[in-house]
Each structure stands twice: as structure tokens, then as C-alpha cells.
Amino acid sequence: MIFEKYDKILFMGDSITDCERARPVGEGLWAGVGNGYVRCVETLFNVCYPELYLHIVNNAQNGATSADGVALWEENVMSQKPDHVVYLIGGNDVWRQFDSPTVRDGVIGPEEYGENLRKVIERTLGNVKSMILMEPYFIESNDDDPMKVKMKEYALVMRETAKKYGLLCIELQSEFDEYLKYRHPTALTWDRIHPGWTGSMIIARKFLKSVGFDRPVIE
Amino acid sequence: MIFEKYDKILFMGDSITDCERARPVGEGLWAGVGNGYVRCVETLFNVCYPELYLHIVNNAQNGATSADGVALWEENVMSQKPDHVVYLIGGNDVWRQFDSPTVRDGVIGPEEYGENLRKVIERTLGNVKSMILMEPYFIESNDDDPMKVKMKEYALVMRETAKKYGLLCIELQSEFDEYLKYRHPTALTWDRIHPGWTGSMIIARKFLKSVGFDRPVIE
Amino acid sequence: MIFEKYDKILFMGDSITDCERARPVGEGLWAGVGNGYVRCVETLFNVCYPELYLHIVNNAQNGATSADGVALWEENVMSQKPDHVVYLIGGNDVWRQFDSPTVRDGVIGPEEYGENLRKVIERTLGNVKSMILMEPYFIESNDDDPMKVKMKEYALVMRETAKKYGLLCIELQSEFDEYLKYRHPTALTWDRIHPGWTGSMIIARKFLKSVGFDRPVIE
Amino acid sequence: MIFEKYDKILFMGDSITDCERARPVGEGLWAGVGNGYVRCVETLFNVCYPELYLHIVNNAQNGATSADGVALWEENVMSQKPDHVVYLIGGNDVWRQFDSPTVRDGVIGPEEYGENLRKVIERTLGNVKSMILMEPYFIESNDDDPMKVKMKEYALVMRETAKKYGLLCIELQSEFDEYLKYRHPTALTWDRIHPGWTGSMIIARKFLKSVGFDRPVIE
Amino acid sequence: MIFEKYDKILFMGDSITDCERARPVGEGLWAGVGNGYVRCVETLFNVCYPELYLHIVNNAQNGATSADGVALWEENVMSQKPDHVVYLIGGNDVWRQFDSPTVRDGVIGPEEYGENLRKVIERTLGNVKSMILMEPYFIESNDDDPMKVKMKEYALVMRETAKKYGLLCIELQSEFDEYLKYRHPTALTWDRIHPGWTGSMIIARKFLKSVGFDRPVIE
Amino acid sequence: MIFEKYDKILFMGDSITDCERARPVGEGLWAGVGNGYVRCVETLFNVCYPELYLHIVNNAQNGATSADGVALWEENVMSQKPDHVVYLIGGNDVWRQFDSPTVRDGVIGPEEYGENLRKVIERTLGNVKSMILMEPYFIESNDDDPMKVKMKEYALVMRETAKKYGLLCIELQSEFDEYLKYRHPTALTWDRIHPGWTGSMIIARKFLKSVGFDRPVIE
Amino acid sequence: MIFEKYDKILFMGDSITDCERARPVGEGLWAGVGNGYVRCVETLFNVCYPELYLHIVNNAQNGATSADGVALWEENVMSQKPDHVVYLIGGNDVWRQFDSPTVRDGVIGPEEYGENLRKVIERTLGNVKSMILMEPYFIESNDDDPMKVKMKEYALVMRETAKKYGLLCIELQSEFDEYLKYRHPTALTWDRIHPGWTGSMIIARKFLKSVGFDRPVIE
Amino acid sequence: MIFEKYDKILFMGDSITDCERARPVGEGLWAGVGNGYVRCVETLFNVCYPELYLHIVNNAQNGATSADGVALWEENVMSQKPDHVVYLIGGNDVWRQFDSPTVRDGVIGPEEYGENLRKVIERTLGNVKSMILMEPYFIESNDDDPMKVKMKEYALVMRETAKKYGLLCIELQSEFDEYLKYRHPTALTWDRIHPGWTGSMIIARKFLKSVGFDRPVIE
């Protein structure tokens, strides 16, 4: 696995990540890491790799776009001096274009999205052991849905940006597409973005598999 | 128009209708009729037909299915002695099958849905000037979506039941389908059921047109 | 109609306009524009002119007088860079003289009212496509009521100021006077100022008619 | 004065009287009699007639009509075994006809109002030293206002009913009419019914004068 | 009477005066002057001298000592530009010496109390038409009680200070002493300082008599 | 000491005893016995006699008079099957006569007080190992104060009643009188009844001494 | 695995199981099953066995002992007609003996504990496909701790009772003992009973392994 | 005893000391000193040494470590100008190492702990009559528990630091160890740190004995 004993792993993102995390720093006692996929990640590390003492921090911010991510990066990420940074962003960049089509100030197009990613990557590389990106997704089975089409366009921007910097980039859309063979989207979440418990575990297990988690949870 | 001076018109239904109506009776001062489509209806009657003094009552119940409608009918509807009853039901009968697929107690199939409609119709006819049904809908543009397919099946059950009893039955799905040519569903509502303000006005104007409202709102 | 595709229309005023609008900016999701006449305006534009994507913003402030309007103008109005500004003000300038007759500090006479209007008009013109004024009103049928007499005096000041600058000025008093032929003032509102739902729709439809809204709401 | 040492005087009525009185019985410590005109009455008796130890009870109910008064009479009034009963009722009987003109269930016409008064008078006489009625009023200077006209009609019904039973009946409208020579109605109260502090003292002093209070408050 | 038409009369003091007054300025609508003796004063002026339009402001501060009075004077009193200032202070200077005898920081002896009075008097004179002092009191019938003895010592300091500057000084202790012939102290107030409603009216009528209020409240 | 290993000792009384005890039974975890003198008693037993495992229960009721004590006895006391009952009552019987002199219903004179004590004693004796009474008190140094005189009259009634039944009766007035040589009453409590922390410990130590507590708290 | 498609599996127990479950029935939307180990179980079934549609219900009750379990069984368990019942009970039977040693009413010894288990087993068998017991535990590494010794005694009673009826019985103590080689008990939980997130997953995975869950969570 | 008449004694520490103390300064009326062991100390001084008027202040801060103590010292301690300072610190320095083993930022080893103590001692000495240290403890009977071993290591650091400066240092662990012969730790506190009422009295009496309190509490 790519994480070593005592590593500090910081998760940054929007409300998919935040999930009522502690303030000002999302760590430690009393559900400090919130109750979304970061909780799943921390719990499974604690249970299966107790000897590694991985230090999980969730410093995400509800409602954040990639532009907010740039604005918050120094305080929420760099000041914590993490060993690894995990970044899931882009859902709000796309969503606002569809749920608030009359509010045209502050729309973030795919080029600006890519630029925002580059800014935080360049600020971070050289200061961490690794930086990991997670692609935005839409819990929708209809491939022709314009918001899903757009979300995949942004996911692709992230994937290519990651590639350019040699970063691990975790694709999530296909995980949900696969799961939607068994459930209607509304069973995971009414709004098709916030993943609920089952969706959080789907994100967590893809993340864990991607970083080399190789012990059985149930044996 | 089918309503006459001093008529008392009672709306029954689920959370699409309820919208924080007053308890125990949803009428009168301080937004007694809630803030959904019934508010739109009442306001437009007040503004355009002030001389009719139409008495609007909203006695819907959040979360109600057609089975709950049967159980609540005596207290929420008949005890109020309305002149007209308007009933929009069925959304939850369908939704629960998709968002809670593991909870199999209490699933209401299309036959039971039709039976529940018949029970309240027969209890009501003979005691009112008219009873009007409004069909359930799903704010989704993909006609292949299984929940939309199912919702249309229930809407058809309502339409045929209404026909059998000679009731006015108002179709809503096509109104939303038409509007979705201009907006993504998430612009009306994140959950594709609760209509928001714009969606409430879409329901209200279809209702008003169907009952013969024939004065201009803006002249 | 005077508004074009993508125009940003900002409403400024007092509690008649504010109506629990979102802070700091009254726009977007979750009833951002409040639940008064601005809601009616936004909803009817959304329903009848969906292809225009008009961007409605409500930045009014409860309790504001025309002097508060001057003080707030830079932050609440100009910083938003609107295409059009709509301004309904003056009710509190008059009301305080009648409900708080012993509090004599800060009374705003008709001359100062006119001066306050001129200040914000001159700050705005040249930066917007249009600025529209709406006259204060009093929901009172007795033409001899001294507060109604005074309110009409202020409305006249606004009308003449608008004329001088060539602005569209919307008169509201006669709309309410007409409606009071069918209802006692207390049916619209206990305090004869805050308009309630019916009164908000009365304001909205006069506004919409004045700006050239020419599609049927119910067809 | 008509009250004697240790007399228990119970006030019944609607929100004009209630004013956050204590529950279940409005008496005793911690503002038990509420903070409206009954507070004024109790305070002035305490200050000027301390040796009488008059026992003041406020058992009014917000929103009550004369019909509610009949329904509540046994529990709120008779069960307390008062020596004197003071009853101010009728405002809501009239107000609902004007602020809720479409809600036609439960309208109380002047005949029913008189009948409701007779019921409680006959239940009470013989069990008390005295029963005192206070007439409803409307804080409005325009004598042609239809709600004021109607309120005076009900006040007259009360006056004649009182006369028939030989009860003291206290007229309040002329007190407010006199005061409105100095203030606009909105200075006393925005809704023209609930009297505020100044209006409460106006009611109290008319009541006290009528029952023979004959000591100076300020000497 | 010493007050003239349109005079602005500001009350300063501690919790005996404050009584939930409005912030930042205790005036105007919605019980802005609090619900203690200032309310009594304002109400009786409104009722009996409506043509004077006396402007009452309550800017007292719960818990204030005479030292706090000095610290707050500029903001709470002078910035309001009153015509008359009324100041009731000293209760907390004495009380803390008896209820918190172990907390010896910040004890204000009689000399410092006199000095604090002089500071605010000199800051005020020349800027107002009049300044009126009201002496602290203790609602206790036992003349040997050490806290009553001490309170009278402070009251005397105020009386002599007022005399030196030629100010009207209103004595309150004897009013309460007189009333305690009819009631035990606990009937006015459990803590023997905060006066309750009856005690507030006792203070108000002494104040009103002292300033020349000469109309009957009940005639 | 009169208590033996595992004894269950139940305290009954008014707000002096209650002090936010747990409901429905004041025992066990999380400050179940409230935070007044019963807390002091329980804590000192726990600290100094840990081997006795004395089971302390506080089932007092805020505001209770001796008449309320009779009404609550079966549910609050007997149903708990205590080994010992401790009863401190009478303060409210006296206090209401002084703080609410106009409320004359329900006044409990000394004879009725004695009768109320006899009722609960006779219901209890034979079912417990012991019953202990604690006399009401008034934290007032002036022996001529009429409320103190009256309180001592009631205390005497309790003392004589206890004597008649051979019960231990604990006098508290002299404890407070002694303490008032060092502090003004307001240092213990603003209202002269509720004892505060210091007063609670004064009650507790007198109780403990009376029941034979004979180990040093601090050694 | 022992569960089949559409099976309804009901969990009963105390606060270890309850974890803010929905009322009256802990199932369905919005975290109906609470956020403890039942959430882990439901989530992992949803993720790994989506085609089975297992219906999970959590009807546990905070604070329950085995005696409460008997009292609640009919309403919380049998009325739901589950296919399988899972029961984790006994922690409070033991804990109260140690944290409330003076409260001796209601202590449940090991014999009564066994009897309580037998009562619910016999009520259940014949009505379900299977009943599964989970043994109480104490998160304490010191094997000589008297509360751990006692907890193991009760666990043994459960194990032998299960054996007698041929029920699956899941031992949990050794899971925690194993984990305590890596963490101090306070890292899992401050009180050594409520398991926190990591402890909940430890319980869940032991449960899932015991019932034949044989798919990888992370592959 | 080491304290003299009118001495001001300030307690500093973490949540063991804080216990809902008043802000900004923990003194005076309404339980200003919180409800933990400082309350016990203040109450027993008040009861047994009323003539000394000892001024107790509790300025502790929940969650504080010895490093927080250094940061807060100027504001919480020195600015109050106490005569004596009592400091109980170290529990959180140790606890966080055991309950949050993955959070490795900010761990305070024994050397840094000693250094933090030295900083505040040197800042304080010369400005006070005395400074008293109280050693951290762990309410655990197993001497081999690693958190207890570590806590004793820190207590030893404090003891040696105190010795070096000639300060009184109060050992608490043996008090709890002695008490655990009669109770399981969970009877004092579920988390083995926060002492509850009985534990607070245990701390208080050791403190009082150490400072020379030599009067009987119960005589």
C-alpha cells in the first residue's frame, strides 16, 4: 500500500467529503472526520491496519467549487502539512450550471476547472509524498443526460491533468454506473450527488483498492 | 368556470400539496394553505376573481400514499364538508418502490392504488358538487427511466378510474415534460418530485386552466 | 418586453421587498429571492419566459428608509453589477412619522426623500440598461386618512423625480384602491403595509405589465 | 367602589385580555395576569388600594370569539368561583368577517353574538356579586369604515343585552375615538385591535373609573 | 410640568431601569423602553399628555454600578443628545458588598460613588435642559438591616451631590417604606431590589409627581 | 449512625430539596439526586462511608406545599419502598401568605399544616425503619420579621407533631441564624429561602450530625 | 450465507445497537437503522449483495436490560414479523451493578439473565427462520477487572442458553481483546462499552463472517 | 492554614477544574466557580471559615494541556493578580496519546510537560504568596495499565519540578487508588478522568487537608 506508518492523509473537497466534519480541523475524537466516505476510509484502516496509525484529516468545505478549492487551499490543506492529499472536486462546478441556469456570475467552464486543478497541484507537489485526485460523478443511469455528459467532460479534464503531473487519479463514475444495474438512483440518493451511506462505501472501497489496501475486511 | 361564489374547495394529497399548511385545518390567515401550488391557486383566485370569495382549504399530509389517503379521508376531507375535493396522490406509492427497495412491507401495487382511489371516490360522490383528480408525475426527461415508466402506469390507473366515475382528471406529466425542454430537472427540484416554486406554478396553472379560469392574470 | 436574454435584474427596497431573502445575496437555490412579490416575478418569468434565463436578485433590507437606501446602495446594488435596478422605497419614511410620533430624530421629510432618490439615481444611471422606480402605497380605502394623504405626497415626489430623469415609474396605490372595492384592508394585511400573498401578486402583476410581459399565464 | 376587601375579580376575553397570562390560571407571581390592561388594573389597585387585597385573575384565551367564550366558560370562569366577572368579547366575531372573508364556516352574526352573551350571563348570575361587560371596539378614526360600523353594531348588542340583565356595561370606542384626535391609529397599534401599552392603559382607566376607583394615582 | 413639547428625556441606570429595553437604543415601537418603571412613565405621559409628544429613551444597562455609569456615559447618554437626563444608580454599588463579600476587587465606597456622580454631572450640565437624580433604595422594612443602612448612606451622598449642583433629586426609600406597611417585602419582589410591576408604578408615580405631572390618571 | 448497609433513604420536600433531580425517580447516574443538599448528603456518605452503599433517592417536587405532599405521597414516596423517609416541608405554606397576599384560595394555616403532616406520618409509620422531619426556616436575621415569626410557628407545629409520634425532628433555623452573624442573608440567597451551595451544605451537615455521621470529612 | 433474497432481519438490543435509529421503526430512508454496527451491516450488504435486497430493521432501545428486552419483545420484535432476529443484550445487566452499586432495586443476576433470554427465545422460535444471539463484552484489556470477569460470566450464560436451543451465538469479547493489542481501550471508547465507529465495524465484521458473508468488500 | 483573611485563590487547570465556571472570570454569584471540586472547596471554606472571606476564582479551561496552560497564563491567571495559584494539569497531555494515537501533531512528551510547568512557575513566583501544584491522576485500579503508568510518570515530573522550586505539590492518585478498594472505577466516572461529585469531593478534601484546613465539617 502506498501509505506508511504514521502518514497524515488529508482529504479536501466539497459536501460529498465534508459530511459534518469537525471544525476547524476535521480529525480526532467525536467523529472529527465527518460521517461520509472519509469515515469509511478511516474506520477500515483502523480495523484492518491498526499497526499503521494512519492519521486521517477531513478539511473539505460544503458547497466548494474548484475555485473555492484554490481560495481555501493554503488554510485548509497546506497549513496542515499533510503527507498525502486526496482531492475530490468538480461536482458543484457542473451542478450550478444545471440547477441555477439563470445565475450566470461565477460559472466555471472546463478550462477554468483545469486551471484551478493545476494551481493547487503546483502548490502542493514537492511538499507531500503523494497527491491523489478523485473524479466528479453523477449518480444517473441515463448516459444521454446532459448533466452526466458534462460531468464526464470535467472528469476527463481531471484525468488528463492528473496524467500530466503523474498523479494517481481515481475514476468513480463507472462504480456508480455498475451499481445502478441493481438500484434506481433514488435508492442511493434523492439528489443524485450526495451519496448516502451505501454510496460513501462505494467511493471508499474504490479509493482503498486504488491505494493498495490488500487485507480482507471480513475473513 | 366550474366554481361558484362561496364554494369551499378542499385539496388533499401528499407533500407536493401539504407544503407547511396550517394544522389542524389548512385555511385562513398566516399562510394557512401552505406555500406550494395551493398557495398559487388561492392567490390567483383572490387576485382575479375577488368577487367569488372562493374558500380554499389544504388538508394534505406529508408522506401520504393512497392507502394513507383512505385512512385519513374521513377526518381530513369529509368532516370539512367541502363543495369540491381535489386529490393529487400516488407519488409516494411509486417512489418508495424505488428509493427503499429493501423495505417490502406496505408496497402498494397499481391494483391496490386503483382500489384506494375507488374507496375515496365512492365515499365522496353524492356529498360534493365535484371531485377532481390530479395525476402523479416524475420530473424526469428520460422516458425510459423505470420510475417514470412506473409513474405513468399509476397515472393511467388514475385516469381510467376517473373516467369510470366521470370525474375531471388533470394530467401533469406532459406539463413538466414540456418545461424540461428548457431546463434540466435539477433546476426545478433536486429530488425530481417536490416541485419548488416554478413547478408549483406549473401545476397551478394547469389546474386553473382545467377548471375554466378564464381571466388574464396580467393585463 | 424591456428585459433581454440573460439580463440581471436587481430589486432593492424595504421589508415589502425583502421577505426573508437569502444573505448576503438574494438569489439562486432555496428561495434566495425571498417569498414576497419578487418571488412572484421570478416564478412567472421562469414559467412563461423560460428561454430568457432572467437572473433575478433581491437585495432589499427590512426596515430601510430612503436614507438607508443611500447608505446601502454601494454594497447592496452597485457591487452586484446589475443590468436593471428596481427600487420600491418610501413606506418607512412616512410610516415612522405616524407610528412613532414622539421619536423625532431622523424624520425624513419629502424634500429629503426626493434628495435621497436623486443620489441613488445619479450613482446608477450610466451603469445599467434601465432603472425602474415603484411608488410607495398605503392599503387604506379612506382617502382622507392623513397617512394615506402623506404617502401619496411622497409617491408624487418619486413620480416627478423619475420623470426628470426619464425613468419608468410604477404607480401602485390605484391597484390597491381598486382591490379594496372587493375586500376590507385587513383581508390583505393587518398592518396595511406588508402586502401578504395576494398583495404581493398585485404588485408583481402591475410590475410585469409595466415592463411589457405579454404572454398569458394561464392559457 | 364596587369591589370589597378580598374580592376575587376574574377577567375573561380574547387576546386583548390574555396578553401572555399564566396557565392554567392567570394569577399570582411572575406576571400571572399577563401584560395587558389587566396588568394595569392589578397594578393600580395594588398601588392605590393596598388594604383591599383584591384578587385579580386573568383567564382569557387568545383568539376567542363569543362562541369560544361559551365553550370555555365552565372551565375558565365558573370553576374559579369568582366574586366578580369582567368580560370583553366580540372583536374576533367581527374581525374574522373582514380579514377572512372567504372562510364562511363559523361566522357569528349579531344575533348569535347576543345569544352567546345571554348564555354566559345566565350561567353566571346568581353565583357572583357582579358581572361587568366591556364592549368591543376598533381603533379607527373613520366612522364610515365598514368594520368600525359593524363593531359598533355588536357593541350595541352587548349594551342592550347588559341593560336587559341590569349589568354594568363599559363603552370603550369613544375612549379611542377621543385619543385618535392626538394620534394616528398606527401609533397605538399596527393592526387596530391589539391595544399596546398606551391602549391598555386607556382601557384600564375607563374600567377603573366605571367601577368607582376614586383615589388619585399621582398626588 | 418641567417638560415641554417634543422634549427628549433619557433614563440611565441599572437593571431597575433596563427591564429588557431595546438595543442599541431603548425607544420606539415594540416596547423599546423596556417593561419597568420607564414603561409606566411613558404610558402615563402618552395617555394624559398626548399633545406634548414627549420622547422617552431608556438606555440603562443591567448590572451597572456608578463606575459603569461613568464608562458608558458617552455612548449611552451624551451621544443621544437628550434634553433631560434621569439617573437612578447605586443599588449595585451597595448590593455587591453584601451578596459577594469575598469578591473584594472593584468595591465602590461612598466617596468613589460620589466622585462617579460628579463626573457624569459635570459632563452633562450645560448640554441639557435638566438632569434629575433618583436615589437608590432597599425594599426592606427593618431599619437596622445593615444593607438598608448602607443604602441610605449612599442615597445621602447622592442627595448632597445633587444639592451642590442644584439638581432635582428624588427620594424613593420612603415610598417603599410607606408601602411596606401594607405588604411584606417578598410581595413586591423576592430579592428586595428589582421592583416588579407594583414597585415600578410606585417609582413612576413618585417621579411623575416630582416633575410636576398634574393631570388625573383616572377621572 | 442510624443508617445500615444497603439502606434506601428517600428525601421528600419542595424546591429546597428538588434542585433539578432526575425524573421520574431522583437517583443514580448523572446527578440523579439533584444539586442541592441531597447531593451534599450523598457525596459525603459516598466519600466517608463507602462500605455502607447507602441508596439515596430524591423525589421532592418544586413548589410543593404540605398539601401537595399529601397528594404526592403515594407515588413519590410509598411506591419506592424506602427504608427511611426524610421530609422537609412548610416553606411554601408560609411564603405564599406573604408573597401572594391577594391570592386567598388554598392558604394553609398551621392547623391544616399539622394535619397534613399527620396524614403522611401515619401512612408511613410501620412501613419504614425511620421517618425524619426537617423544619422549615427563613434566612433572615431580623427576629421580628413577620414571615420569620410565622415560619417559626410552623416549625414548632412540626416539632410537636414529630414529638407526638416519636420521630427525629431536625431544627434548621438556628443554623442559619448562627451563620448570619458572618454574612448578610443576600450572600446566601437573594430570596432568603433557596439556600444556594453554602446553605445546602449547612443543611446537609446538620442532617448528617443528627443521624450520627461520625467520621471526619477532612482528616 | 444464511440470509436469502428479501429476508427481513431485525436487530434488537441496547444502546450499542440503537445508535439514534428511527422511531417507531428503525428502517428505510434517512439513516433509519441508526449509525452503529447495524449501519455497517446494512451498508456492506447493500454494497456487496445488492441482488439480495435484505431488509434490515433496528428496533433496539437505549438503556435496555434483558428484563426490558422481555417487556419490549412483543412490540419491538414480534409485531414486525421478521424472518431473522439478532439479539445483543446483557451489557446493562452487568454495568449497573458496577456504576450504580448503591441502587440495588432491579439488579439482574445471571440466573435471571438466563431466564430472560429463554423467555424471548421461546416466544420467537417457530415464528422465524433463525434467531441469532450476540454476547455482551467489555472493552478492557485487564482480565482480572471484576466487571470484565462478570461480563464473561453473563456471556457464558448466553452461550449455553443458545446451545440448548441450537441457536447461532456470536462471541465478541475476543475480537476486542485482539484489537486491544494495538490500541488502549480509550482509543475505541471513553466508557469501554459504546464501541464508536471502529468498534462498530469490529462487531459488524464478526457478525457478517458468522452468517456466511463471503464476498470481498474491497477487491 | 496557609490562607489568610481576604486572600484571593485562583484555580487553573483543565475540564476537571473548569466544570461550567462563569466566563470571563469564574467567581461570584450564580455558581461562578463551576460545579466541580472548586465548588466543594469554596463551599467548605464558606461554611467552616466564614470569617476569612476567602476569594475563590476558577479560571480553568476545558481541554487544556500544559501547553495551553502556558498560552493562557497571562490572561487567565496573572491578569487576575491572585494571592495564591493552584494548578492541576497534565491529564490531557497523557490522554490524547492514548485516545487519539493516530493524531501525532502536538503530542507533549514528559520533558515538554516539565518545561511547560517551569514556564508558568517562573512567571508566577515573586507575584504571589504561594503557588500549589496538583498532580494528574487516572481513576484505574490496574497498576499495569499503560495509561496509568504514563500518568504516574507525568505526576512524577510535576512532583520533582515542584520540589525544585519549593512548591507544595499535592498527590491525588493514591486517594483514588484507596477509594477503588470500595468501588469499581465506573462508579466514579465512565471515562476514568472526569471525577463526578464523589471524585470532586475526594480531590477537594485532599487539597484542603494539604493547605491546613483544620476545622471539622460535621461536629
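For reference, chains read A, B, C, D, E, F, G and H in written order, and residue numbers begin at 1 within each chain.
Here is the rule we use: a residue touches a chain if its C-beta (ideal position, glycine included) is under 8 Å from a C-beta of that chain, and two chains touch if they have at least 3 such contacts.
These numbers come from a predicted model, not from an experiment.
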item	value
Lowest number of touching-chain links that must be crossed from chain A to chain F	2
Selected from A-H, A-G or A-B, interface repeating D-F by over half of its contact pairs	A-H
Centroid comparison with chain B (C-alpha atoms), farthest chain	H
Of C-E and A-G, whichever chain pair has more C-beta contact pairs	A-G
Mean-CA-position distance for chain E and chain A (Å)	63
Chain A: positions in contact with at least two other chains	46, 99-101, 183
Interchain contacts, given as pairs of chains that touch	A-B, A-C, A-G, A-H, B-C, B-D, B-G, C-D, C-E, D-E, D-F, E-F, E-H, F-G, F-H, G-H
Parts of chain E lying in touch with chain F, wherever the complex brings them together	95, 98-101, 141-142, 144-147, 183-184, 186-187, 190-192
Contact set on chain A toward chain H in their complex	6, 8, 27-29, 46, 53-56
In the complex with chain D, residue positions of chain E that touch it	31, 35, 39, 42-44, 46-47, 50-51, 179, 182-183, 197-198, 200-202, 205, 208-209, 213, 216-219
Interface residues, chain B side, partner chain G - complex	99-105
